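Handing you this structure, nothing more for now.
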Amino acid sequence: MTGYGKLNIANTTLGRAMRRPKGMIAGAWLVMLVFVAVFAPYLTPYDYDIQNLPNAFTPPGSEHWLGTDEFGRDLLTRIMYGARTSLTVSTIAIGISVFCGMCLGAAAGYFGGRFDRAVTAVVDLTWSFPEILVALILVAIIGPGVTGTMVAIGVAYLAQFTRLTRAQIMAIKSETYIEASLSLGASHGHILMRHLLPNALAPVIIAAMLATGDAIILEATLGFFGLGAQPPTPSWGGLMSSGTAQMFKAPWIIIIPGVAVAVTVFAINLFGDALIHALDVRARVRES
Amino acid sequence: MSEPLVKIQTLSKRFYTPGGLLKKPRSMLAVRDVSLSIARGDIVGVVGESGCGKSTFARLVLRLIDPTDGSVCFEGADLTKLRRRDLRKMRQRMAMVFQDPYSSLDPRYRVADALAEPFVVQGDRVPNGRIADLLTKVGLPTSMAQSYPHQLSGGQRQRVGIARALALNPDFIVLDEPTASLDVSIQAQIISLIQQLQRDLDLTYLFISHDLGLVRYFCNRIVVMYLGAVVEELPDPQAAPRHPYTHALMASTFAPDPTNRQDTTELTGEIPSGFDLPPGCAFAARCPNVTARCRESVPVLSEGPHPVACFHPL
Amino acid sequence: MLLSVKNLSVGIGNLTLLEGVSFELAKGEILGLVGESGSGKSLTALALTGLLPLIGGRVTAGALEFDGTDIATLPKGKLRALRGRRIAFITQNPMTALDPVQRIGEQVDFVSRTHLGLDRAAARARTVELLTQLRIPQANTICSAYPHQLSGGMKQRIVIAMALAGKPDLIVADEPTTALDVTVQAQIIHLLTRLVRARGLALVLITHDMGVVAQACDKVAVLYAGRLAEQKPVNALFANPQHPYSAALIDCIPRDGMAPGTLTGIPGNVASATAYPTGCRFHPRCPNAGVGCDTKVPTQRTLSNEGTVACHYPLNGAPDV
Amino acid sequence: MLGYLIRRVLLLIPVFLAVSVVIFSIIHMIPGDPIDNLLKIGAGPDQREIITARYGLDKPLVVQYWIWLSGVMQGDLGTAIVARRPVADLIAQALPHSLTLGLCALAFSSFFGIVLGTIAALNRDRWIDQIIMTVVLMGSTIPGFWLGLLLILVFSVWLGMFPVSGARDLSSLVLPVLTVGLGGTALVARVTRVAMIEAGQRDFLMLLHAKGMRPLRIQLRHVLRHALIPVVTILSLRIGWILGGAVTVEVVFARPGLGTLLIKSLNQHDYPVVQACLLILAMAVMLGTLAGDIIQAAMDPRVRAAL
Amino acid sequence: QEATLVFASNEVGQPTYNPVKATSLNVASSLIFDRLVAQDANRVYHPHLAKSWEEAEDGMSWIFHLKQGVTFHNGAAFNAQTVADWIPMFDGTDNAYLVAAVEAVEVVDEHTVKFVMKHPDPNLLYNLASAFMGVPEPKSFAEMGDNFGVTDAIGTGPYKMQSFAIGEQTVLVRNEDYTWGSPLAENTGPAKFEYLTFREIAEESTAFLELKTGGVDMLLSVPADFVPEVEKESDLKLVSVPGRELVYMVLNVVKEPFTDIKVRKAAALAINQREILDNIYSGIGQVADTFLISALPEANVADEYRIAYNPDKANALLDEAGWEMGADGVRMKDGKPLEVSLWTQSDSVFRRLTEVVQAQLKAVGINGQIATFDSAMIRDQYKSGDQQVAVRSYIWDNADIVDWFFGADRLGYPNISMFDDPKAEDLRAAAMTGSKSSAERIANFTVYHEYVLSQFPVAPIYQPVISVGYNTSRITLPDTFNAPAVSATVLMDMAPVE
């Protein structure tokens, strides 16, 4: 057997995405970020949670590259650990969202009918609401903290993925190869798992990628409102939130995490762009 | 005449455009009361203009969609009444080749995967060498097994489509305009391949096309459809047309012969929409020989060796 | 001659997609341009109408003389004044040829208002007149309709009306009936031929259907892979095709009374522009291919005095080796 | 068309009811009790019951919903529990601020988004396209509240050009509009660019060229017109997004708008106010969609025909 | 001749200026309404609308002599009848408790009233000095109904309400006839600014920015964070006013490990109040060592009851209680780590404070897990009783706050520490209802307060002062004020810079 219907997106596509200069720079930043997040304890001599109050508000310098915060903790260290929180929260939240959205969207798109109409109506309505509002209300219900934030972000983006998956499924459903498969005696399960979902995956992956960027911003915004990860666990939003009060005394406390968020989200978007090109079958033909 | 391989009786299909909360639902009869028997080894052609229900008919015959009315018996078994599991087994015996070779292959499946799919969905293992065998049968190099569809030309894709249809050794194949989107030179290749396969494998074909010239060359028997209904059944390809529509179709086919130029067309007017058919003969609006009766009552297909549905056949 | 194309070559990027195409056309004549998909028919049409830049292409060599001026070297502005006025274009798919959000009337009016300087009312009157001539019922109502309200055949007539509105001398029609049903195709082709005859226009009719060529054209130019294979008056071509490709193409059309199995088509695939074979581009598919076909590019030769053919081993003709 | 409009507006009623149920139940899922906010130090134990009864919070949820809904139907949004004023007053005071900000931001992002998107599309794949799209992308990757703070730092504190906060005059609108508008600009520019490119590939353009039409006229009269159809759709669908997205920005700039009101009431669990704010946003969303549908129908005869 | 002021962030969003019905009132209300009595910085009661008063021996009646010539903004006269009409207005309102002890108000003569009491209330003067006891004009009060305090507010104060947009701003215009200002301020005549605009800015940094960039002239409460920043600016100046706020940590006495008084005491002694004062509050204000603000006489407890930082003692107590220091700096007992939940509000100052508390507890081996809730939710959460430690603050300047937070009939909330002790209940009853006179009340509350402190349900942390920041190029202010908090007394002396 050859690899029948196997997922062949990840390996080759990532490679292709990385080959474009934009994708490479963006990819490099993301890889570095993940590396830093994972190995934070080995990369920095400081602790993220041990306070050193006399040392508070040290401006960026040779001792503390990015300065210290209001408790005298090294800001670079906290940003590195913050990357852990922000990246985990946003990827897990989007993961939840993608999974549920794909299930819902696929079911709605494939089986259609009343279920589809109900799903579409709800999804369209929530989709029109800003994610931040949905998330704020959900956090109010679930309670702040990492779990609450993840669930809230996940639900906030659910509509987007349901919509997207449904649209994809609807489009692919009318392709002749689905009918061909049916004419050979394929079951619904086969059609869904082997044709519809794999083919719908590429745009969903890209959307998920871009949404992860948005989710980082959303996480930061919730953190800004004090609803994100609870101290002393650092998150980028939390850092900015505490930085607001120190904006004049120590502007770096708010500026630097914001830059980290912006650059990361920017990199994710660039990488997403590169992925779009890499995943586009027609473009691939043109390149070869 | 022995028991036909496929026996189609008063098959109808009504499509409903979903009415939303805001739209009135509408419905159209895409296929109306079509009856047809196909004997083993037969090549039956179905011609008609775009939108007259040919593809719908093809899908009905293989029960890819459920008919509104009527039945399809395959070797005596009524497909419309079969249970899901039995139907799936039955699908090994029949297959379909599709119109658009560009969308009939999953872009993510290599040729080998596409050819293995029939076995997979039937829960079987792919017999050794079967894929190479199939490729050879349709005239493709075996090295092509590892190619993706986007690396193939239209003709090559259509060959893969045919190979996939042949994979489970079916008796009966429905070919829905298999050459409509191909170049004439490739069309001829594919037609000759299909013809040769029919002879070699003793297949039965239902061949759908809008090209009367091609159907007359290729088929033993021709069914002419107009707006979902059969208007004429030509018992042999060279039979003279009796329905004015068939006649017009024939006259519209351009013969590749500059010395024999036709300079008139008989047909004027527009094909009515299937959603609101006028009463009477559906062809009345375009028919050169139309009478008052045509506008009032619907002609039925006559009995006999050369059935036609017209009040004043030629 | 109204139109004379000499040695036309067209390129996109660094690919040469059309090479050394020549033909001539007089008023009142219909030239059929046939060939398989990708043979360069549309490129020729775009070159003739000066629209190559739209797809990023350009004329790399040769001359396109229209009524004595070379339109290949004409400045943009002058070319635009010519386009729609003296040279009209009919595109392939009438379904997508019209702007879906503009009324039919306005779309047709534009031509006579721009090129003939008519005012609104006069232009509309002319439009209605044209549509009536094209046997469109209730032309007035149609003018205020939107394209989606019309059938394909009707839309193609609108496109034809647009082409006629500028009182052109030359019409280039790129596969005007491919997207239409056979019955409608017959109507449109008859309509076009009749117009050409009646008005003394010149028509370049692009098609891949030898049947249409046989029925409608006076002259034929057969293209293969960006080169001219054979060019002849239509009767001569069908009676005596000399290029194996022309012959094969004619044989691809099933005729009445053809025995089953006689239709074989042309083996192999259409050559791709990115990988044209060396020598004669048809040689990998050619039943007559012989020594030299794979290395030497055949030149246009006049074998019978009726036209030219570019083949080393023509049918019914002396080989050129 | 008129019939469609009437049916479309009538359709809003069930949607409205559904939305009101959802909003009501969600709000009441939030743990916490607004009464705690009202109890003053020293208040006796019976005070709680008195206040609870005063706001009808002791009744079953269904009854509360019914009371609320029938009030809303009569234009009475109820009385704020913590703020102790008719909710309508609070909304009436906050809404103009939000509307000004929202509409200005909408206008800002539509204008710049469409212009930038068009320029980018006309220069597709050239450096100017790359630059525009990169800048636009950057604009959308910056968290709104952070951008707001940064703008305050630069334009208000360092340069002293605009007031830091409030909503008293036009100059206090500049920075918030910029902050909210930037994200929207990115969205609109992207959609416009893609729509322009897509519209630029339509077959009918070839015929326009063949008719001898000037390329600029083709781009502006035909391509842009087609491109605007999806842009309008997206804008109308996301109108609530743009209005509500201003929440964080309102807080940062201390604008007494709907967002500030909403967040404050959410914190205080002032149910009637939160419900009203969400209901207003939902209405904005519904009306936006309706407006979008109408504009789309006006712009595209095919859509009109399908009605 | 106008000034723009910004309310303290905890005064934002006040819905009405109706003193009788409001549950919260901001500074501006003290400019619209005058009270019978006023407090000075030492919380001694001084005359205002009441010239003088006499308390009966048995505490069962009070006589107030009213100032003459006082008129309301609408011209109506303020006299004994006004007071008689006013006190019954409180019936059935949230503020009824303030005058709950008053049986009836009798008009003795035009400028003399007598309060007949149901029972002695040593707290009456305190209540009369509260913001809710600003005197509204009874006639318009009755006429305007719910609109009183919203569309207009008529009192006798130095300013009249011109406009009020909730959550946004309040504009006041000078009462030109005003001559009866409290003698606690230098200026007792008409105010010096013709217009005062009070803006409501919830975000503290924004408020500070407005002051810094000249958008506003005065912040009525500069957050401690920004105090150094204000000090840095040459044209900004700060004056401080004693506050009424106290920041503290609560320990839940019914939850492990705090059922053990040793652990409670250890936790309380682990708090380094000085470090918090210096680092979180920029050294502004003072450390707190009792549960009451130091200005109250009841805060004057014996030294042994004062709670102060003592890490050695804390460690020793924990060792004694069987909690052994573990390798990772967290104490263990029976294989269980000393982990406690640490609740606080989500506002940024609380979060920061709690982080330091967390670090200080960690220093003695107690591992606190922070959970933050918004202000409405946290009260609901307290009712669950799941909290172990909470960091909170209150604003109040009466000893009865001890009763409010530690009374056994309010377990969960407000009695977050779940403190239910029979002895405390006895002391509490004595303090609350058993006191006949002010002196007796003070003595009783001091004992009650001392007992509560000895049980360590709470650890006091910090007592802020209110820092008023203003722009010296626009406003002049005296350097000190004779007032317990920012109020009319302070603002009357505010003058424009020529």
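Labels for the chains are A, B, C, D and E, by order of writing; each one numbers its residues from 1.
Everything below uses one rule, namely that a residue touches a chain if its C-beta (ideal position, glycine included) is under 8 Å from a C-beta of that chain, and two chains touch if they have at least 3 such contacts.
Here the structure is a predicted model, which means the values were calculated and not measured.
*Asks:* Give the chains in contact with both chain D and chain E, ordered by label.
*Replies:* Both chain D and chain E are touched by A, going by the contact rule given at the top.
*Asks:* Which chain has its C-alpha centroid at the greatest distance from the C-alpha centroid of chain A?
*Replies:* Using the mean of the C-alpha atoms as each chain's centre, the farthest one from chain A is C.
*Asks:* Between chain C and chain E, what distance separates the C-alpha centroids? Give it in angstrom.
*Replies:* Here the centre of chain E sits 91 Å away from the centre of chain C.
*Asks:* Need the CA-centroid distance for the pair chain A / chain E, whole Å please.
*Replies:* About 45 Å separates the centre of chain A from that of chain E.
*Asks:* With chain centres defined as C-alpha means, what is the inter-centre distance between chain B and chain C in Å?
*Replies:* The mean C-alpha positions of chain B and chain C differ by 32 Å.
*Asks:* CA centre of chain A versus CA centre of chain C: separation in Å?
*Replies:* Distance between chain centres, rounded to whole Å: 53 Å.
*Asks:* Of all the residues in chain D, which ones touch at least 2 other chains?
*Replies:* Those would be 30-31, 149, 157, 266.
*Asks:* Going by the touch rule set out above, which residues of chain C reach two or more other chains?
*Replies:* Expected reply: no residues.
*Asks:* By the touch rule stated above, which residues of chain A touch at least two different other chains?
*Replies:* 140, 143, 225, 244, 247-248
*Asks:* Please name which positions on chain C make contact with chain B in the complex.
*Replies:* Result: residues 36-37, 135, 151, 153-154, 181-183, 185-187, 189-190, 208-215, 217, 234-235, 238, 248-258, 260-261, 263-267, 269-270 of chain C touch chain B.
*Asks:* In the complex formed with chain D, which residues of chain E make contact?
*Replies:* 13, 15-16, 21-23, 94-95, 97, 146, 150, 165-168, 199-203, 205-207, 209-210, 212-213, 215, 374-377, 379-381, 394, 396, 400-401, 404, 409-410, 413-414
*Asks:* Could you please specify the touching residues of chain A with respect to chain B in the complex?
*Replies:* The touching residues are 1-5, 8, 175-177, 179-187, 190, 195, 198-199, 281-282, 284-285.
*Asks:* Inside the complex, what are the residues of chain C that reach chain D?
*Replies:* Residues of chain C touching chain D: 49, 51, 54, 80-85, 88-89, 91, 93, 96-102, 110-111, 114-115, 146, 148-149, 159, 162, 166.
*Asks:* Which part of chain A faces chain E closely enough to touch in the complex?
*Replies:* Chain A residues touching chain E: 49-51, 53, 56, 70-71, 140, 143-145, 225-227, 230-232, 241-242, 244-249.
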